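Below you'll find the structures, each written out as structure tokens.
Both of the next two complexes hold chain A, though its partner changes from chain B to chain C.
Now for the complex of A and B:
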């Protein structure tokens, strides 16, 4: 009896958490379809904020830039991160343990600090602000995520498969391409999606490293909120959230993130 | 096909010497077992022959070729792993064809040889399955087909049958031997199962702590172990320690244990449990060893029974047909006897 009660309480608790997480987002999405600019009720359905958004070249430019930066970041971070994971898995070398441990602090260090450090560094080496700096910054942030996800997948890889392939005459590259890669592909896809999300949702580092007029979408949203809030922001935010959620759900599916189904 | 020669091979991992001065000849077309307890580095020897590990000294030859500097992918060997190591993302046919595709033999030749190999292991109808849809025994056969399809010079097997249950294991032993004979490939396999080694192989090598203790045909090694370790490891043995050390051994103890004529000095004597007979009266024949002992235990196991008896300062294990063992209450005196030729003389060091 008490077990049943506990199970019921657990469900209520879970429900509360979901409300806490999603209520503000739902309100925002809801308001993006409301005709009133000042969040007045009753709700009156309208797509006018989406129409306005479609005509807002500044926001669309920023969105395009954000997506391009995210794609470039994803490609670079995934290739480098996967190569690093395979190397960490296959070889024993001096300082390997240290290297593995040093991959985690960048995830934990506040982005504000990382961003400041990067800004100082890029000015120090003469690169300054701009899209190249943003991309390098994003890649640096995304690589640890890729390595963590791909390494987790590699940990389930039976390395005798590589030995078996070699015994049949396959060279190192053939072994990687035909045996290792197919096994870790889901990990690579999940890692790539994480990399994309890290870059696309990135505000702090982008804000520090992008040039005015070359803002990414999150930076643009932030600056326009300071000037005055319009429901257009709700509209673009709703689009971003929808895209991000779909991406994360796909990533979760590939990486068994959140448990087995 | 080719013979394999391991000559004075040494392998070190840091300060640990895994193999020291190991030598063994594997003539062409034979079936060989590397046998040893865990920690004997028998798998290390196999991996060194395969080319996953390079020697720190000594020479390995496959056929006429010295392979010391040749990596595994160029050694033209077939390898079968304990866990089969089938590629989970490929079908049975693609698994078997992997080595052929690497060698680019051409599509029609590839299909023909995959078919041949699968027929040889009697799995011709399962080419389209994925490994996870197969039983343990079937996976085993696929792994074997995959190992031999490239017509390697040597087939190396790392504890190939240890993951199977007992009855399947015996079936696979017979099957393995049949296939090996059919294609006549030199086969070396690692096992810790002495029965498997004795049944299957033409020659066994016994390893202990990285040293080759003894090698030879199973019957020779079983009947003439070079030391106490081998005597006890290969089959069961009652070791009669210290008897006749450093002396002529015609009659180390009056009325006691006889040794085969012409035996030299020994560090120990041994007798196999199945060589000993139990009787309630003192045997009077000539040329037998006899020990007066107390029966301590009798274990019935169907056709055979095992008895433990203590006498003469030793504990003797006796294995015999149940109906040959007299009905004697535990704690009673019995006579243990065996022919002089069945006393194993373990040479002095």
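Now for the complex of A and C:
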């Protein structure tokens, strides 16, 4: 086989993968605009599932709750995570390696284990299920992501910039505010968006920690699917996937995540 | 003088680090310890119930073969999904890293990674719409093929595998891509100029150099798949009973929390063994 042919086959393969990745999502989006309740074809355009969705208080409540939880999680995780990454970056101290390794379990341990452990612990200390527990859990899952993303940005920071500013008479606070912060700002924004995505898309931990009747959107979707799915779920799912993809596209712009630089 | 400076620095470090790490301790590490304790209890220690310390919950795992079989079933599922993801994803990462150039590469790479950061539950649900009998896949295949086919993959093991591969494929593409990109093109050119064939280049240069990235991706897929429960539930229906779904049941249906905690801990042990075995490779992939 010639190299050119191989390259062409490779491109076709890549195209097939993209179809595999996006086809089901597009089918779902397509069906959310289809009039038939049982996903019957031929396709007949209709907005009725979105209209039904607009009148479904249970789903709207859950959506509002999910967004609020994600916003609170984002603020807390971004502040705590950024502070920790600055310390991990700027100072040398004993146990630093250990602290970095400690970020690994929340990411690497399956959420089923983390979620059930949280349920047991929060019951044990009398907090029980509910939105506060969900937020505590989400923040813990989001912190490592914020630290990883902000640290990656910090690693590209040139220390001599700070020294130059200081040698020209800038105070410590001025250096932080005028030199360091502007440099790491894209990393912080990207970290915040990752934190939002981790919380907004989180299902497993929310599932074990949220109160029945007081659940987040993914938990409500899961329980609805198990009862037998309706096109309304289709419509809300289409909205969710659009929102989270847009958030990640913006995050990617800020972090060059996986980029070449 | 220097000690006050050191003290100042230490208090700065502590004030910056402790909020994040206290949070992780309260929300991750204490709960894991609490779960270990719980797995040795005879009953839930809330309210009026009588309880005592016991190893019954672990005995339940070792005395009957039910749980061990399910764990093995989950591990097999992890191996199958990881295998498919590697076979499908590595060539894709290779094309991205070495065949496609310039701006198109960045855009395509982002396109491959993007679904990974969208809601996994929703993506699994979207497969339910595609795979069900009389669903889009069946109608589409019957429109193309000259003969009638009957495709109802829903509530079967292939459906679970397809859904999980879809969920985790971007992991292996991401890690392999990063490893492949780090390979210097000059090295490949040099080998070629000295007469190395395609096979030699693949087996002697590309695979050995990208293996750490490939294995890191494989571990990142295998671990969550062994602990999956939502995907088998939605796509597998009655055949979707795995170790993860049994743990879920203990917490949300049967309310045997101590048994659930013991099973969770056995799963954690499996995960930790895998992570420990692969940590030298993962560390190499990082650098």
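In this text, the second predicted complex is superposed on the first by the 257 of 261 C-alpha atoms of A that agree within 3 Å, B and C clash if a C-alpha of one lies under 4 Å from a C-alpha of the other, contacts with A are read in each partner's own complex, and residues count from 1 in each chain.
Assume a contact is a pair of C-beta atoms (placed from the backbone, for glycine too) under 8 Å apart; a residue touches a chain by one contact, two chains touch by 3 or more.
Predicted model, so just to flag it, every value in this text is computed and none were measured.
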{"item": "Partner chain in contact with A:94 - chain B first, chain C second, else both or neither", "value": "neither"}
{"item": "Greater residue coverage of chain A in the superposed arrangement, chain B or chain C", "value": "C"}
{"item": "Which superposed partner A:227 touches (first chain B, second chain C, both, neither)", "value": "neither"}
{"item": "Partner chain in contact with A:241 - chain B first, chain C second, else both or neither", "value": "second"}
{"item": "First, second, both or neither for A:182, with chain B first and chain C second", "value": "first"}
{"item": "First (chain B), second (chain C), both or neither touched by A:161", "value": "first"}
{"item": "First, second, both or neither for A:201, with chain B first and chain C second", "value": "second"}
{"item": "Contact residues of chain A, present in both the chain B and the chain C interface", "value": "none"}
{"item": "Touching residues (chain side chain A, partner chain B) in the complex", "value": "158, 160-161, 163-171, 174, 178-179, 182-183"}
{"item": "Of all residues in chain A, those that touch chain C in their complex", "value": "7, 10-11, 13-14, 17-18, 20-25, 27-28, 31, 39, 41, 76, 79-81, 83-84, 86-88, 91, 93, 99, 102-103, 105-106, 108-114, 116-124, 136-137, 139-140, 143-144, 147, 197, 200-201, 203-204, 207-208, 218, 221-222, 225-226, 229, 233-234, 237, 240-241, 244-245, 248-249, 251-252, 257-260"}
{"item": "Residue ranges of chain B touching chain A (in the complex, touch as defined)", "value": "50, 52, 71-74, 76-79, 81, 83, 85-89, 98-99, 102-103, 146-147, 150"}
{"item": "Contact set on chain C toward chain A in their complex", "value": "9-10, 12-13, 16-17, 19-21, 23-24, 26-32, 34-35, 38, 46, 88-89, 91-92, 94-96, 99-100, 106, 108-115, 117-123, 125-130, 132, 135-136, 139, 166, 169-170, 173-174, 177-178, 181, 223-224, 226-230, 233-234, 244, 247-248, 251-252, 257, 260-261, 264, 267-268, 271, 275"}
